[in-house]
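Labels run A, B and C following the written order; every chain starts at residue 1.
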Amino acid sequence: MQKLHRRFPDAAITAAFKWMIIASVSAGVAVMHMQSPPVNSLSLEFLTDVCIALEKLEMDKSCRGLVVTSSQPKVFSAGLDILDMYGKSPEHCAEFWKAVQEMWLKFYGSDMITIAAVNGSSPAGGCLLSMTCDYRIMADNPRYSIGLNETKLGIVAPFWFKDTMVNTVGHRTTEMALQLGLLYSPAEALKIGLVDQLVREDQVLTTATETMTKWLAIPDHARQLTKSMMRKPTIDKLTSNREADVNNFVKFITKDSIQKSLGMYLEMLKRRKA
Amino acid sequence: MQKLHRRFPDAAITAAFKWMIIASVSAGVAVMHMQSPPVNSLSLEFLTDVCIALEKLEMDKSCRGLVVTSSQPKVFSAGLDILDMYGKSPEHCAEFWKAVQEMWLKFYGSDMITIAAVNGSSPAGGCLLSMTCDYRIMADNPRYSIGLNETKLGIVAPFWFKDTMVNTVGHRTTEMALQLGLLYSPAEALKIGLVDQLVREDQVLTTATETMTKWLAIPDHARQLTKSMMRKPTIDKLTSNREADVNNFVKFITKDSIQKSLGMYLEMLKRRKA
Amino acid sequence: MQKLHRRFPDAAITAAFKWMIIASVSAGVAVMHMQSPPVNSLSLEFLTDVCIALEKLEMDKSCRGLVVTSSQPKVFSAGLDILDMYGKSPEHCAEFWKAVQEMWLKFYGSDMITIAAVNGSSPAGGCLLSMTCDYRIMADNPRYSIGLNETKLGIVAPFWFKDTMVNTVGHRTTEMALQLGLLYSPAEALKIGLVDQLVREDQVLTTATETMTKWLAIPDHARQLTKSMMRKPTIDKLTSNREADVNNFVKFITKDSIQKSLGMYLEMLKRRKA
């Protein structure tokens, strides 16, 4: 928390979780600082925290907007934690996948205004998290990238990842991006509409809170009904297929060939670190 | 009518309604000049006239194209008439909403080539009307704006307004535009595809009739079948839900909180005028 | 074959059909050279060959990618062969249409990576063929054009042509393109996303094989599942409506008025040639 206070001395911390801190920056606006070292991987534990935090904020009627950002350097979120899908029991994989679904359902269907302050790289599940928000501001640093790169790991983004991306950048761009597992530079992401705005790295969070002001000017009930109208069909598709989607994931991820791919990927990450 | 003749001395007036004049500019092409002072609000009376006029033109097999434009200065249409939703009985609101639906169904499903000559601002229902047309030409005057700004008034664009906009500018742009109630300048509207072409203000109508020539070169039956194929799913969604949509509107618009919002908005308009 | 060898001396011909040659350019990549003089019209005979060739390639597990290109000068494919719809029995028209459907189903649903090397004009069915591929590279020659121009001939692109185009360039662009039967220059096609890349005419095929390398880097099973997820809903729509779609086509195309239009078009083509 000290660390957060050093960075944002004016922010009042309203809730602290193991992997994140919720701070209040101004009337009605919370900021979720993800701090799950080293790269904010979306582990089962982390996702559980995120969902509890989001639920609390959703019930707090004084909270109208949420900024999601990272306290880790260079990364927004590295996406789903592979350690929760590698060498784990089918039961564990199922529990993990339900948590991923829950995170998506809560964010994509949030009544709050949600803005992603993408202050670092954001592959796979990190990209998904940012796409669930109402607006995406990314640091204009060419070393960062964003995209759903699952195929490069030999795995497949599920239909609701795909639907979220189609809703964001359209069918054709999604088709090519998902097949090739493309990671976009900030400039490319802006061009295809995967992010809405690029700013200097040290301006990401302040721009997010300034942008929030514009969204807060809209009467909540009208904005919420409108948001729901836009997103409900996509949300309903998962809601009515959650169990089949879990079974599908477990069956796929526990395959020998897929486990082998994940193992090789983890080895590669280790070598890169060393 | 004198006024119209001063503006378009060559146009033969073929039908005159209380709130609009239908002129014939060339073989097979009619122009609907909306003139419901001061801002072409889409009142129940006005909508009824529009529907009767459109029905007549549709049955007149010699009429293949229709240009819609405004005879009022600075405005194409200010959108739905709030006086038909404020302080009115549920029955009146229901009748009004049926007329709005009817207008949309007739325009969006028209067998004629329809071109909007947007020679002024076009918020809310005015934007909807222009989006039902096959092509939109707007005056390149930065003081004009166009968009579905319902949320700013605390109300919500219904699903078929939303569907029409998604069909025009895509899902993501619609999601943000509707949530924020965005009004776009002509240049911005061109960029997102909300209008197809910008021309000097005094060229809007002539460009519309020139553009019409290009569309008239296509065999009617092939063009009509193609247009229907593109729009039928969207039209069917409303056709099979008209009554529920009316009930939904009446229930929403007669709420105390919404009536209060509308009242405040009307007060604001009065003050602005004074 | 001699002719092909003169053009691509390094290519090993792996299969020769009456109207096309399949060559192997590198490990796992085949090139389909269409050579049905003069303009690669998609006749019943040609389509039958294409489907047999594609089926064989699909079953050959060593073949992972397919480039489709033309051996005819100035044209990729002129589209459906009008001689198979003009003055023919309803039975013949039905058989022809089934072959068109089959071609589309096989290409749009192909497990292989498919790249269109559009080295010439590509109207109507030629445009459709290129749109079924995963990537489109076009020769940057302003004399070439591409688009679904059916309405200009008085006929109508069926719903699955339309769906393919909507998936490629979006709803609004498709609505206008199909109504007006627009043919786009390479530069315009790139701008609306109808093709993905423009290169010098003599670089089309080499760029296609270079691009293929990028796609081959993705694990097949992940790419195939992703491709299927993107395209299955569109494919299912035709699969479950094939017979109705055939009947619809036969009923439409055998109409006196449509036959007359096709006859006039054929006369015009003859005069143009003379």
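The rule we apply is simple: contacts are C-beta pairs under 8 Å (C-beta built on N, C-alpha and C of every residue); 3 or more make two chains touch, one makes a residue touch a chain.
Since the structure is predicted, the reported quantities are computational estimates derived from the model, not experimental observations.
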{"item": "Same vs different contact residues, subunit A with subunit C, by half of numbers used", "value": "different"}
{"item": "Subunit B on subunit C, rotation in degrees - Cα superposition, rounded to nearest 5", "value": "120"}
{"item": "Centre distance in Å when subunit A and subunit C are each reduced to the mean of their C-alpha atoms", "value": "39"}
{"item": "Subunit C, residues touching no fewer than two other chains", "value": "170"}
{"item": "Contacting residues of subunit C [partner subunit B, same complex]", "value": "150-157, 159, 162, 170-172, 174-176, 178-181, 257, 261"}
{"item": "Contacting residues of subunit B [partner subunit C, same complex]", "value": "134-135, 166-170, 193, 196, 214-215, 218-219, 221-223, 225-227, 229-231"}
